[in-house]
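The structures considered in this document are given below.
Each of the two complexes below includes subunit A, the first together with subunit B, the second together with subunit C.
Let's look at the complex of A and B:
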């Protein structure tokens, strides 16, 4: 462990031109923890974008006519896809948020991988059960009425 | 077996940018990754520069990025890096640190952060006549954290360090934990002032790259979480 004995060694204490390889994006092997964090960021940013659109939609509340027209648009297939994506983002962000809380507040760090897969399974169930109406509507639109199995509804 | 070794080379006297070079090296499954590099240096290209000293995972000199993640070259075996004959092993300097030459990084910033957390015993009273005693239970609190060899694999594996080079990083804050939770130490307040800051604890997003990188298998995230709780509660009590 070679510690420089100077009080504050400056960068100039080293050789002439060190190659700078700084940058927030680095090529690095993605393991469970980093994957969980990247998805958390991605869904987090996605939810902020959704929130802006959602609040903007609420401005239509001033008048019943415009509001009904807006709600009618929400029944289009594009919004069914969006609805499903929203559920995926909310479910993942909430469950991984719980994982982080357990790690930081209860010190469950040694169980972080098990936590990821367990809560991942819970997330998958939430997405399948909660997202079935969206998938159902999308299937009806894609393959015609009556084409989807009806075990949940 | 015969392996292809790819090394990210950089010579400040000749190169503008680091570049990859490839070597063919004979190896045994139980060889260390470091021995591959030493084969290159001793038998193929003597200009290859790297740090190594004890070669037994004690000094912490040869942390580098091997096959895309930070490891201590002397502490990882060839059989854990490759599947079969002819496979490739890649070596690069620790990510996000300034490179002096080849695999040697400039560690000054890393050790500056280390000094920032005051990694020494801080006490209020006069020194006792004999050694300061600690019970096995008290030592158990910090034992894992005392195993750190300051190789830098963790800090340079952390996306928070990549995004903010001034972030104290796991190695320095693990040291802050090690002293703050030491039963013989009275410097908690001073040290918490340093880690409970915008460049400190709260940029740890529990990504776990530090744990994965640590050659001593220290559960760094766990101890940083304990330090977070200590910082949060002591702040609450001083403000109340």
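Let's look at the complex of A and C:
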């Protein structure tokens, strides 16, 4: 598990007061790492579930009528929300996965903090830019045509 | 556990890295490209109603299937999947994507299951079932994408 526990204080740190303080910070760090890892696991399993449904649904490719019905369903309001959620899961899993790969292969451990926040910012940009079509579609439907800025669409 | 060896661990990281590039391509093609995107920026609620496609997609479909061709999701996607030249490349890309995504996903799923299933027999069953499902999906997926438009 490549989580940010690198800065774990030495085991002797449990005797005096300042060290206990350090221990507390450490506990928080383990939690961030644990949380990142649990979310990675959750999004990974979620994506497998989506992939199974997706490939199953794509048998519709063999028949025009069925395929049109499938893609029309992709345009329902609920699916637009799902589409956005899917992007959030993919973006998180991909960027956290990239972080793990960089740490494992390139040994970027000393730069972990910086890497964490840089990729966090990249993830936010991916979600906003990539998710705009779904949000735009939902907004247009909820608030009427022309109510949403098109930006780069 | 036979599967938790260094090669598979390494492969999982490689497939993950590949997936970044393939998912970017997939996302672009399905959601962003004005001519090729199968999903538009539109919500459809009526039964039987089709999403309206942008001018670029309409022009592309009409150039290929004639002036009075219907511009439905199927035709928009077929611009790529039955293209006389590039269909082979798109189908090839989709199959590669399919293989890599299934390997990464199901190998990962097996890691997760191994963590929660303690009983060796249970692990074996879970492993056999999950890889059987993956193989089934591989066959179904290849069939759909190869025969599409051909």
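As a working rule, the second predicted complex is superposed on the first by the 123 of 153 C-alpha atoms of A that agree within 3 Å, B and C clash if a C-alpha of one lies under 4 Å from a C-alpha of the other, contacts with A are read in each partner's own complex, and residues count from 1 in each chain.
By our rule, contacts are C-beta pairs under 8 Å (C-beta built on N, C-alpha and C of every residue); 3 or more make two chains touch, one makes a residue touch a chain.
Source: prediction; values computed, not measured.
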Answer with first, second, both or neither: which of subunit B and subunit C does A:104 touch in the superposed model? both
Kindly classify A:80 by the partners it touches after superposition: subunit B alone (first), subunit C alone (second), both, or neither? second
First, second, both or neither for A:31, with subunit B first and subunit C second: first
Just to be sure I read the superposition right, which of the two partners does A:53 touch: subunit B = first, subunit C = second, or both, or neither? neither
Touching A:112 in the superposition: subunit B (first), subunit C (second), both, neither? first
Touching A:125 in the superposition: subunit B (first), subunit C (second), both, neither? neither
Residues of subunit A contacting subunit B in one complex and subunit C in the other: 100, 104-105
Subunit A contacts subunit C in the complex at 41, 44-45, 47-48, 51-52, 55-56, 58-62, 64, 67-68, 70-72, 74-77, 80, 83, 87, 90, 94, 97-98, 100-101, 104-105, 130, 133, 136-138, 140-141, 153
Note: in the complex, subunit C contacts subunit A through residues 13, 16-17, 19-20, 23, 27, 31-32, 38-45, 48-51, 72-74, 77, 81, 98, 101-102, 105-106, 108-109, 112, 133, 137, 140-141, 143-145, 147-148
Show which residues of subunit B lie in contact with subunit A when the two form their complex. 10, 12, 15, 17-18, 59-61, 65, 67-69, 93, 95-101, 106-109, 111-112, 149-150, 157, 159, 162-163, 165, 205-209, 211-212, 219, 221-222, 225-226, 228-229
Along subunit A, where are the residues that touch subunit B in the complex? 1-4, 8-11, 13-29, 31-34, 37, 40, 100, 103-105, 107, 109-110, 112
